[in-house]
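In the two complexes below, chain A is the common chain; its partner is chain B in one and chain C in the other.
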Partner chain A sequence: MSTDFDAIVIGAGHNGLVAAGELARAGKRVCVVERADVPGGMARNVTSGDGVTAPQIAHLLYNLAPDISRTLGVETRSLPTIGLSPDGRHVLLQAGDLRFADGEAHPEAAVFAVLHDRLTRFAALLGQLSDAPPPKLMEGLAGALSGLRDIGGLAKLGLNLKRMGKAEMREFLRILLSNSYDVLLDELNDGPVAGVLAADAVRGAWSGPRSPGSVFSLIYRLGQGGDVRLPMGGMGAVMAALEKSAVDSGAALRYGSGVASVDIEGDRVTGVTLEDGSKVRGRAVLSSLGAAQTMLLAGPSHYDIETVRRLRNVRSKGTVGKLNLVLKAVPDIPGLTDAQRGARLVVAPSASYVEAAFNPVKYGELSAEPVLEVIIPTLTDPSLCDDGRHVMSVNCQFLPHVPKDGWTEAARGTAQNRIMATLGHYMPGLADHVLQAELLTPADIETLTGAPGGHWHHAELSIDQLLTVRPVNGLSRYAFGVQGYYLCGASAHPGGDVTGQPGRNAARQLLRDGVLS
Partner chain B sequence: MSVAHVPLGLIPGPFHDRLLALSRTQNWVDWAGYLSPGVLDTAEFEYFAIRNQATLFDISPMHKYRITGPDSEAMLNRLVTRSVAKIGDGRVGYVMWCDEEGMLIDDGTLFRTTSQDFRLCCQEPMYSWLLDAAWGFDVEITDESHTVAGLSLQGPTSWSVLKDAGIDVSDLKPFDWREVEDGLWVSRTGFTGDLGYEIWVPWAGATDIWDRIWTAGRMWGLRAIGYEALHLARLEAGFIAAGLDFQPVHAAMRLHRGRTPIELGFGKMVHFDKGHFNGRRALLKQRETGPRFMLVKLDVGGFKPAQGALIYHRKRREVGHVTSGVWSPTAKRNIALAELKAPFGVTRTSDLWAEIYVNEEGRWNRRMVPVTIEDKPFFMNKRARATPPGAF
Partner chain C sequence: MATTSYDAIIVGAGHNGLTTGCYLARAGLRTLIVEKNDWIGGAAVSRSLQDGWTYSNCSYVCSLLRREIVRDLELPRFGLQVIPYEGGATFTKDGDYFAYLSDHNALRREIARHSPRDVDAYDRFAQTVMRQCRFIRPFLLRNAPDPTSLHPRDLGELAFLVKKAHGLGAKELGETIRFWTMSIGDFLDEHFESDLIKAHLAGSGIIGTGLGVYSPGTAYVLLHHYMGDVDGTIGAWGFARGGMGAISNALGMSFEEAGGEIRKGAGIERFKVTAGKVTGVALENGDEFDAPIVASNMDIKRTFLHHVDRAEVPDDFHRAVERFKIRGSSAKINIALDAMPDIPAAPADASFLRGDMHCSTSLAELERGYDDWKAGRWSAEPYFDLLIPSQIDPTMAPPGKHMMTVFVQYAPYDLEVDGVRSGENWTDTHREALAHCVYDKMEQMMPDIRQRIVHAEVRTPLDIEREVGLTEGNIFQGELTFDQLLFNRPVPGYSDYTTPVSGLFMVGSSSHPGGGVMAAPGANAAREILRRNGKSKAMQGYAA
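This part shows the complex of A and B:
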């Protein structure tokens, strides 16, 4: 196997694979280096060996960039969202449509349609910023010719903003930096509809719906229209397709050994040294790891003191745990038809409930009643399990990255019991159906994948860590200090979720910067 | 609950009792919160003692940091612009360190014992910056600002004074330093450009070394001096001072007040070939685009000190200002440091004028005097470098 490449990509998560594919398609010799034996990172499938395949951590596609999605050839199914209500009057949300799960009209349907329409339009407006590196304000405004393109992008945003009309523009600017709790409850009652939206606003985040900036994250989640899609074959199938796409374009894969260090000569990368001691040479290195880890691989001595300080202080405390259950049968969910059980089920009966679930995590404690996002992928995709068994995949918020007293067995037990008890309200008898249960805390997810803090976005998606300051001031345009070194993971612009955008943008920026020409 | 007493106002340093007894003027200035003599007797007497005898100046208010541990050299190499690897064991180096934009944070002297043990001595408080700089390196930073006292013994008879005090430093070359006795470190360094030494002892009981030197100095014309005399001498030697000739960028509140080492005339102190150091990428860019300013040494016409004067090109266009200006009693010249806006001071160096205002018994007069850019320090004397030194 060759050990001399144009570019080396660290990490075979989705962003790493997208970056590798992008570079390989541009005719560059690319090698993807991955610590694990399989690709996927946070979006892996896990196979128990006895006929059960399940999405290990991430389980749905919220936001995959359409141009990336089109090229993959993986079938995905759009899932409706059902907000579970303690009184059994569950609500069904699909795009802008809202009704009760039993088919009855919902009194807030009209209000919801208007709100959904507005938020998705705002999302499309902001979405255009996701496809390119963040604007280069300082240098651009200083009159550098190279900045004109960026100014163009901003001008386009401003123009599109104006085009929405005065009232809409005002509304956009009014709510953009505010909190989702207030914005939602201006329009909706504090019930399951507001609850679902509030939960989506803070999914993956260390914040509650009352935190400023949670409107932005709600809009971010609606970036591609808010459609939630289940890939057939699990998230692992998407990863396999991304991997295949990269390999078909000529990328080499080198799995099973992580990168020990990035090699640098004269402020320019020359390759990487793997944990097994071998070296791979490359003129460019793209890291899909967290921003601070990426700095550490090169070594702090290659960075300015201010940069290291900023990177050390990137906020990335994960709050999402994952409970994977293997069930002998799907439990009844009173209030839902059998088919509706295959939807995305959200336990967030009100926005206040979501806020109350967030509060304890600030103090290193577990939510008393967690916010849950539940799917039973085997109802849509029976190929994942044999023997009539089913998989239930539960995203649980809020679990502290590390509780006050650490993740002791007792703490894990408490977390799992609370999740099961919460599920039990809506699925009586669930406990009797469970064959296997595996809880992954944010700390476990960090250990498994290397994602800093086990954080969904590698770095909190908050106003102080967005756009020109994502991951930190001075490193927002993918180039990462040392010449030829690039950040292509979720901590780069625009951020997390399985979108592929940071990976694609980073690869394109590398090509534009002329490092490989 | 008892609350520890926090002293208000300026506080006495380790040699204050001795200085108080010698102060005829009671002229004290604030140096890093300490009472420091501006003048003890007269600035002229004190200045001429620097150039003709020997002088003692309390430099304890300087900030002093100890850097120890396996990564000390690597950590400092990333901090400062010059190569620390090229400073030998037992040697002292003048160093500058910059922020990420290449703007000077401070300058100072770096005392190297071994690659794992250094002392950094500087004007500005630097502890939190050093802690940031140390992150990721196996080093320990200790703030010795209030535990190590310093005395600057400067002047042609300073070696003789030490000798009579029983301290033999005959073999100490310029920028050498070593522990001559238990807890007594001597470096052949100073801020006067003359023969001289700096003496470092534990803060507690520091007056012992003062008394020992003072006694030995009686026959060598030893005087205690204040800041004003030192200011004259340091300008003659061409040394720059924080807050006057450059604004330490961490303390500057306004935008664009920072200056790079290149702009201060210290381009040779920036070692681009030693690997990464703080601000390197920004300074590399400046090396290509050229400096925005240049700090230059000036020979100023006339005899009126040019402190604060504006500099003009062809007497018309304002191109800079004097940052420090004095009449040099030894060089018998009117000297100054001035900051010029590029290209003046870089490629355009002629037809420059200083606008000096003088108050002649109640009437202000303006004088346009020609200025000439100088390369060399205004005061240079072989005795400063002679090893072993003589009884000059």
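This part shows the complex of A and C:
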């Protein structure tokens, strides 16, 4: 069977679907091919046989681009964040507001408000860079040399930096490449407030708060103001809406068979060959897979040896595990009201705790006391399960992608026990409420979704893998070495989280490049 | 009664203070240097604590010292002689070693012995590092550009940076950004497969810093250790004949010959400031000296948190100084040996025994050492940079006997004891325990090391702070992280050696381009001081 399309998108994750929708809306004939039978990649729902729906891996929207979000028609609810404290004095964070969970004023509220405000402003500034391909440094430099005004994104950033005033500009340039541990503890005590921010700075990352660059990742999280949103119907509802949006604009879907290779004639893509042997022909191919996989589908012979080496060396060691629990009832959480249990609950009692949790993963070991991000979505969204049972969805850091001796049953058991024990400090009796438990290790996530290393962002969001050098030097502007071949996944600029931006930017770049005209 | 009024006073006779002093004196300024110790040199000293032996007590090898400055100040004429040493080695637990040989072909054979694949990887590694060295070297003797300033001078420096960066080309510029922001561990992992080779090369990325091999930014720290030269051989290191004090002594003589005056045993009490302007210094011994120009060779924390009245600087500056990170992470052991230790793994008289020797055999081991430090402990398996300079420089020990210098990474300043972290926790018992921890590790290559020791000076970060005055004993007067380099060093807006106190300048390693016995901050500050006092033309020489 041979089908002709303008563009073929590999992978029906959120970036693939956004790219497909963008191209379809531009009048292009698009086909999305997906290995699994359902869309969503990391943002799928799972529905168990007895009627409980739960987000399988990703469970919150941290950063979805507002213009993408607006068009989807999926209701989302903003969740406050509660940092759990071992002494029961939990802290409640909502935008720049900080208080104790029991309503009492927090002594660090004023300092926190200033810090939050500053980081959010810096985030908005950097956010300008995420709507477009990364700035071309050489053009920027050439422009600066010749005194040209029009030097694109960098100039705009520079101008907006200047507008902040000298003091703020200096602060921006100082902390941007700094580590979140120092920046937070310069202002805050090393308690749950700093802990929550430190945990957010390294969420999904192979890095601790003391690693330089972790301020950048914290700011990245605040790109859309730092609001954490729970989609009604689960992340699967967002994916269904993205899929529908693409299909309504004319995109075709072909699920159930992965891509075996990208077909190339001369130096131009001509389509893809699926694992079932069939071919789909298209003038352009956009891959939402990892950067190295994308290169391998085309074949290393199409890249120079330096590029191949770089792509193989893209760092993508996943560190987040996922524990999905079905509960017969929601346990009490001493120190919180019943309603507050529906918040995003973060177990990170201090920045030092987060750093200590990161240490073992460097050696392929588990955190003794993991950093956890817990939501009970069924408290906010009864549509997931309406028979009194509840879903508890737990992101767990840090789990190694593969421990030294592999993910044996014993290793999985240890991981699960440590997570349950840590949760148990704050939710006594939790274990008695558990009906089902499923642990997904980073290796499981890789198997399920194909994401390299099971890494949330496909490629570590560290400074040396950002902007002009994301995923690797020379391939940062979505075009991926072969005429008509594009990278549209999270390893492209601006990076991971369910943002849709790499997908949208890649599609727009493809249209601009004139490959399809 | 001595004169109490000078054109310029410098507080601290470290190598940077002396360098600033030399340039100012040569420009015709009547310059006084006051030093709290009874000797000069700060952390570049040679002292004898055991009859017959001379220790380079703190800094111990030389490479970064800018040759422009050596020439300008005629240091060879004042006795400075730097003898390059060749290579080095890392010894394994099972009796093998990796020798980092200076002969390229011999090195390729040695690498092949451990990993044939790493032979070419090394060439790629070396080329990248050398390209980055070439890129950075022209910036060392210039002010760092302040991107927030519209001052023509800053714009000029910025244009210089932009021009150099543009000259790299798009690809190389991307590589440069990447190199400057990545960790030495990641950088080595993507080149090499041999753990031993990686561990050997990684040491330069962590020496003196509160960072681990997998902390982003450590590739730059490696560069900081590679960008020097000995007699024009970039990346080479050498011994100053007579120990590192030879550098300070040569600078001191050069300074005095130019008419400068040094007062030892003259610790500062406070910088005298009137109406936002510095007027001189008041010493601990009660003496007071006046000058319209005063320069501090102390680090920025010691200068402003201990010796300048809090009311004299704006709050945000004070705050920035408080949060400037100067973390103690290194200890030093200087050892008098009764004979050359036995090194069974190495061929007798191997050239690399005259170089830097180590026993850390993997990046994971180094990183674990960092994790220990973060928790307030010294590394259970410490990394050390060990040399026996008396093999090359006979002035360091009696005939047949030897002097060994051991730089230890990591040792915390604020040692944790019973849940409390404080520099005050260091006792002789801890000092002893730290030394034995290092000797245990050294036995990996020198089984008889304990029998060879005649005397050992163990210097914890606290000891270094107390004697030299470096906050927390940090050898760089401030962490070499992105947020504390270039225009951010030491405080954003004050990277041009000035301070909010008019007439008071910072000339030590807290300022751009940072630590190491480089003397560039001292020379750059001298240039700035003269320029700001209408004497730009008076700055003579290559560093002008």
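Annotations for the structure displayed:
Note that the second predicted complex is superposed on the first by the 502 of 517 C-alpha atoms of A that agree within 3 Å, B and C clash if a C-alpha of one lies under 4 Å from a C-alpha of the other, contacts with A are read in each partner's own complex, and residues count from 1 in each chain.
Quick note on the criterion: contacts are C-beta pairs under 8 Å (C-beta built on N, C-alpha and C of every residue); 3 or more make two chains touch, one makes a residue touch a chain.
Nothing here was measured: the structure is a model prediction, and the numbers come from that model.
By the document's definition of touching, of the two partners only chain B reaches A:Asp267; chain C does not. Once the two complexes are laid over each other on the shared chain, residue contacts for A:Gly474 go to chain B and to chain C alike.
Of the two partner chains, neither chain B nor chain C is touched by A:Leu159.
In the superposed model, A:Arg309 lies in contact with both chain B and chain C. Contacts of A:Pro300 after superposition on the shared chain: chain B is touched, whereas chain C is not.
After overlaying the two complexes on the shared chain, residue contacts for A:Ala339 are found with neither chain B nor chain C.
After overlaying the two complexes on the shared chain, residue contacts for A:Glu355 are found with chain C alone; chain B is out of touch. Counting residues of chain A touched by each partner, chain B versus chain C, the larger count belongs to C.
When the two complexes are laid over each other on chain A, chain A has residues 309, 474 in contact with both chain B and chain C. Listed in rising order, the residues of chain B touching chain A in the complex are 74-75, 77-79, 99-100, 129, 132-133, 135-137, 275-276, 278-281.
Put simply, chain C touches chain A in their complex at residues 147-148, 159, 162-163, 165-166, 169-171, 173-175, 177-179, 181-182, 186, 189-190, 211, 214-217, 316, 323, 325, 364, 367-368, 371, 374-375, 481-483, 487-488, 492-493.
Across the interface of their complex, chain B is touched by residues 267, 296, 299-309, 312, 474, 481-482 of chain A. Residues 136-138, 141-142, 144-145, 162, 166-167, 169-171, 173-175, 177-179, 182, 186, 207, 210-213, 309, 313, 315, 355-356, 359, 362-363, 462-464, 468-469, 473-474, 476 of chain A touch chain C in their complex.
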